[in-house]
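Below: one structure in C-alpha cells.
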Amino acid sequence: MDSIAQAGFTFVLEEKKEISGEDLGLLQEKLLQLNWGVQHPASGPMRLKVWVDGDEVVKVDPDIGYVLRLLEKLVEYRTWINAIVNVERACFMDNFGTMTGYSIAAEKIAGVEVPKKADYMRTILCEGGRIVSHLVGLGSFVGVLGVHTAMQWALIAREKFLDAFELYSGQRIATASIIPGGVRFEPTGKFIEKMTKAIDFLEKEFFPRYEEVFLDNPTLKLRTKGVGVVPKEKAIELGLAGPPLRASGVTSDIRKDYPYAAYGELDFNVVTREEGDAYARYCVIFEELKESAKIIRQAIEGFPEGEYRTKFPVKVPPGEAYVNVEWARGCFGFHLISDGGTGPYRLKMGAPSFANLWAIPEMMKGIKLADVPVIFASLYMCHGDIDR
Amino acid sequence: MLEEIKEKVQSEFGFQSEPYDTNMLLIHGNREKIKDLLEFLKRSGFNYPHTVSVVDWTPKGKDFEVNYIIENIQEKKFVIVRVTLPENDLTVPSVCDIFPSLQPHEREAWEMFGVEFVGNPRLEVMLLPEWAEGTFPLRKSYDFKKHRKEKK
Amino acid sequence: MILKFFDWSRSNSPWGVHFCSGCCSLEVLALMGPRFDWERYGFMMTPSPRQADFIIVTGLVSKKVLPVLLRVYQQMPEPRYVFGMGACAAGGGPYWDSDFVAVDVSQYIPFDIFVAGCPPNPEATLEGFLRLKEIILKDRENAAKKYPNRMEEINY
Amino acid sequence: MGPWLKALIFPGFLFLMLVFLMVFYVERKILADAHLRTGPYYVGRWGLLQTLADVFKLLQKEFIIQRRANKLLFSLIPFVAFLMVAILVAFIPFSSSSFIVSTSFDLLIALAIVTSMPPIFFYAGWASKSKYSFIGGLRVVNQMISGEIPLWLSALAAAVFYGTLNHIEIVQDSSWLSFIVLLPAFLIFITATLIVTDRPPFDIPEAEQEVVYGFLTEFGGFNYMILVLSKLIELFGLYGLAVTLFLGGFKGPILPGIVWFLLKIFALYMFTFVVRASTPRIRMDQLLKFCWKALTPLALLNLAFIIFIKMIFA
Amino acid sequence: MELGSAFKLPVEATKKVIRVAKALLEPKATEIWWDKEIRREYHYRGKHVIKAELCIGCSLCARACPVNCIEMVPTGVKKPRAVPKVRANECIFCGLCEDACPVKPEKAIKLTDTYTMYVEPGTWDNLAKFVFEPENLQEAIEKAKKMEEMIERKKQEALKKKQKAEKQKKGEE
C-alpha cells in the first residue's frame, strides 16, 4: 500500500517513499505533512497536522490531549469546597468564570442563597478575569503576525489587574477565591481602590494608545480581513462559542440571556459584528474589554454592604444542576451531580474552546499556510480548556 | 415555548418531560426514537447543541445516562434530552448527521465512557495517549487511587 | 582567563526554548513582559530548540506530552539546562492523583533548579533564573551530562 | 594602509564585527523601548556587552548536524554566505579614502552579489532536510527574486542620473538637488531592501509563527551565528548602497566623512527597527502582488522619469 | 491590490510607525522590585508557618488539602498527637488548610502575609528535603510532655484524694 485515501484526499505514506537513486530530499514530495506543534512558537501544547500543497493548505486535523489531566475525574475525589482548586485550573487565563459556574451549580443543588455582596464581588472578579484574559488574547493575535509590541503593551495593563487580584486573594492568577457559598475573602476598600486604578489605567492610557496603532492598522486589516469567514448560519452549525460566535452576528451572551451573579442588575451591551472574519473576532474581543470595564465601574458603584460568605454544608443532598456561565472564551456549561456525599459525584464541563477547535478543519480548507496561525489565534482558544 | 414542546413531545413521541430549571426542559427519551426527537427539536428551533454529558450511575445500581444539551439560540431556551442505557449494551445511534458539531463531543464520550455512537464516522482516540485506549477513565469502575496502589 | 571569559559569556546569554506544556507558561509570559523584563539579564526565547540553552518545564507535564518534552530536550545542543517550575513539575501539584499526568518530572529530566509555587510568582521565577545563571557560571563541565538518557525507558 | 590591512581591520572584518555587535544591541534596545521596557541592562554598562556574550556563547555550543541532512552543504553554506556578503561590503566607500576596492563597475558588482544570495539561502534550507526549513528556503527564493527587480530598477535610476557606476564618483556628484530628484527611487530602494533582506514586515521566509525560523530552524551554535551575521551584513551593505546612491554618502559638514556615513546608516536602521515594532507581517501572495503590480511598475515609471529629467538637463 | 490602495497603504502604515516611535520616549514600565524589600503590603499567600504549641492535632488541614501535601507527623505525646508537615514542592499555596484550621483566635497553620520565595537548586534527590516543618517543635513537645506530666500528677493527686476520701468514708462507716 503506497497511499491511503481519507476524507476524499489521497495521502502518500512517508515510509514507503524512499525512492532508490539520488536522494532529492523533500523536493519530490507533492503533499507535505507539517506537524504544526507540539513544539511550535504559535501553537501551544497541541498539534495541528497540516497537509500543504506548496503554500496552500489541503487538510487540517487537530491532535489534542497534550495537557490532559482528566479534571472531571479528579473533582470526584475532592470535597465540595476544595474542588475549586481543580475547577479553576480548567484554564488559568480566566479562572474566576469557571469557579463561579461551579459554585452556582453547587449552590443550586444545596439550596444555598448567596448574599448580595458575594454576587457583586463575583461579578467584579469575573469581569476582571475576562479583561485579563482578553488582553492576552489581543496580544497573541497581533503576536502571530510578527509584532510583539501589542502583547507587551497589553501585559502592562494586565499586571495592574493581577496586582488587584493579589491584593484581594494573595495570589496573582491561582486565586482560589470563589467558593460555594460566596467568596473566600472579605473585599476591602484597598482592593476596590486598586481595581478602580487599574480600570482608570486601562481606559485612559491603554485604550487610546492601543486603538491608535493596532486596531486601525492598515497592514493588520490587510492580513486579517476576509480570512476565515464564517457566516451566521454556518457559525451556529459549527457550534462556535463566545467571541467567534458573536463576531458572526449571533447575539448570544449568557450574561444577558440567563443572568447570573449580579449581571441582571447591571447595564451593558452584547458586542456583535456581522462580518465573521478574523478581524471581526479581534474587534469583538477589543470591544468586550470596554464593556467589561463599564460593568466593573457599575458594580463598584452599587456595591452593597453585608456578609460576603454563607455557610456551605459539608454534605449536599442528592440532585443535579446544569449551569452556564459566560466565560472569557464563551459559554462554559457545568453539569454537576451530587449523590449526597461530601464531594461531587460527576462534573461535566462543556468547554467552549473544544467546540471552537473542531471548527478548524472546516474553516481551514483551501487557505494559505500563512493564514493558519491567524485563524488559529482568532478563534481564541485555551489549551487547558480543550483537553481538561 | 417550553410548554408547547412538552406537549408535543408527549403527544408525538410519548416521552415524559419535566421543567428542570428556569428556562430548561428535561426530556426522558429512549434510544430508539432519539434521532427523530432531535430532528423534531432542530425543526422547532433548538439548533445550537452545547455538549453530550454522560453519567455513570453503576455504583448506585442504576444505568448509564446520556444527556444531550441543546439551546435555542433565538428564544434563549434550553432542552436536555436524557437517554438511559443499560451497562451491558452501551450503544446509541449517533446524531452527528443532524448536529454535525456534536461529532467531537460524541467522540469524547466514547473515549471516556465507552458509549458507542453507532454511525459516528470517527470513533478514534482523541484525548488519551494511545496506550490508554479502551480504559474508559471516566467510568466509576476506573479508580485512580486503585491504579496508583497497584503500580507501587 | 579565556576560560573565565567564556564562562561569563555563557552565563550571561541564556536563551530558552519556547516550549509550554502547562499553566506556568503564563507567568513566564509575565516575566518576558515589560514589568519584570528578563531581557535585562540577557534572557531570550528562541523558537527552535537548536539555538536554545535551557528548557523550562512549565508546570504540568501530561503523559502524552512527556515524550515530546524529552525529545525537545535531546534536540538542544550540549551545554543545556533545565528549569523546573511549579508544583506540578515536582509532585504533581493539583493533579497529584491523576493517572495521565507524569507526576514527578524530575525522574525523567535532570532539573538544575526548581521553583516552588503554583504558579510561582514572576519574582520567585526571576530569582530562580538568577540562580540558574550562577549555576551556569560554575558549571563548566555541564552537569547535565551526568544524568542518564531516559528517553527509551519511559514506562507508564 | 594596504588593501589587505584594510580588508582585515578598518572597513573590513573587525570593523564589521564591531558594527554588528552594536547593531544587535541597538535593535534589542529599541525594540524594548517601543515595548516600554528596559531591554539589556545588566551585562556590561547599560547592557553594552550583551551581544558579545551572545556571540561567544554561541561559539561554545555543540555542533549538531541532523541525521538526514546533507552534511557538506549544511556545514559549508554559512561560510559561503558570509563570504559573499563580505564581498558586497568591500565595494562601499565609507569615506573618500577608506574603501577596499573601487572599480568602474562598483554598483553592478554589488547588485550582482545581492542577486546571487537566494540560491545560497535556499540551499541552506534544503540541506537541513527539515520541512519548515524547506518551506522557508522556497519562500526565500520566491520573495528575493520578486524584490530584486525593483531594487535593480531603482538603483539603475541613480546610475542613469549620475551617468556612472563608480561609487565614489556618484558620491562626489551628489547634491541636494539630486536627493530631491531621486527621492522616489530612494523610497522604492528602501522598500525593496526590506523585501530582499526579509526584514519585517516582509519577514515571510523566517516567520516565527508560521515556519518557525524558516531556513534557520535547524542551525544552532556557530553556524547559526554566521548565517544570521551574513543576513545582517547583507542589510548593512544594501543600506550602505542606499546611503551612497541617494543620501550623499560620506558628504556632510564639519564632521569627518565616516561619521556622517555611519550616522546616515544608523538613521535607516532606526527606521527599520521601529517598522519591526509596529507593522504586522504580510502574506506571500500579497507581497508578490505588491512587488509585481505596484513596486515594479513604479520603479519603471521612476526610471522613465529620471531619463526624462536627464534629457531636459542634458 | 489596486494601485490606489498600494499608494495609500504605505502612507497609513508610516503613520503607525511614527506613532510607535513616539513610544520610545514614554516612561518605561519596568520595575526594579528588589529595591523595596517586600513588594506586597497586604495579604499574600507565602510560606507556611506552623505553630506547634497551638496545634491540637485534629488533622483537619491534612483532610482539607486538595493536593495531599500535608503529612501528620506523630509527636509521641498525647496532645497534640500529630503535627502537620508540609511538602513544599507539592504545595500549591491555596490556603485552604488555613481556612480549615479550627484553632482560635490565632491559627496554628498559617501562610505568611509577606512575600517569601522558595527557590532550590533541586534535582530528584533533594526535592524530598523541601518541606515546611513546624516551628519550635521540640520545645512544644517538651512543653506538652510537662503538661501531660502535670495533668497526670494532678490526676493521681485527685485519685489519691478520692481514695483518701473513700477511705475516710469507709473509716467513718
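By written order: A, B, C, D and E. Residues from 1 in each chain.
As a convention for this text, a contact is a pair of C-beta atoms (placed from the backbone, for glycine too) under 8 Å apart; a residue touches a chain by one contact, two chains touch by 3 or more.
The model shown is predicted, which means the values in this text are computed figures rather than measured ones.
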item: Fewest touching-chain hops separating chain B from chain D; value: 2
item: Touching chain A and also chain D, the following chains; value: C, E
item: Most distant chain from chain B, judged by the mean position of its C-alpha atoms; value: D
item: Central subunit by CA centre of mass proxy; value: A
item: Cα-centroid distance, chain C relative to chain D, in whole angstrom; value: 35
item: Separation of mean Cα positions, chain B and chain A [Å, integer]; value: 24
item: CA centroid of chain D to CA centroid of chain E, Å; value: 57
item: Distance from the mean Cα position of chain E to that of chain A, given in whole angstrom; value: 32
item: Two or more partner chains touched - positions in chain C; value: 33-35, 37, 40, 47, 64, 94, 97-100, 118, 121
item: Per-residue overlap in chain A, given as positions that touch at least 2 other chains; value: 40-41, 65, 68, 70, 73-74, 77, 85-86, 149, 152, 156, 159, 174, 213, 217, 219, 222, 387
item: Overlap residues in chain B, where contacts from two or more other chains coincide; value: 128-129, 137, 144-145
item: In contact (per the touch rule at the top): chain pairs; value: A-B, A-C, A-D, A-E, B-C, C-D, C-E, D-E
item: Complex contacts: residues of chain D adjacent to chain E; value: 30, 33-34, 36-38, 191, 201, 271, 274-275, 277-279, 286, 289-290, 293-294
item: Chain C residues within the chain A interface of the complex; value: 17-23, 26-27, 29-30, 33-35, 47, 49, 60, 62, 64-65, 68, 72, 94-95, 97-101, 118-119, 121
item: Residue numbers on chain A that touch chain E, as the complex places them; value: 78-79, 81-83, 85-86, 149, 156, 159, 166-171, 174, 176, 184-185, 190, 209, 212-213, 217-219, 222
item: Interfacial residue positions of chain A with respect to chain B in the complex; value: 64-65, 68, 70, 72-74, 77, 108, 236-239, 250, 252, 257-258, 321-322, 324, 331, 333, 335, 337, 339, 346, 348, 350, 354-355, 357-359, 387
item: Residue ranges of chain E touching chain D (in the complex, touch as defined); value: 1, 3, 6, 10, 13, 16-17, 19-21, 23-24, 26-30
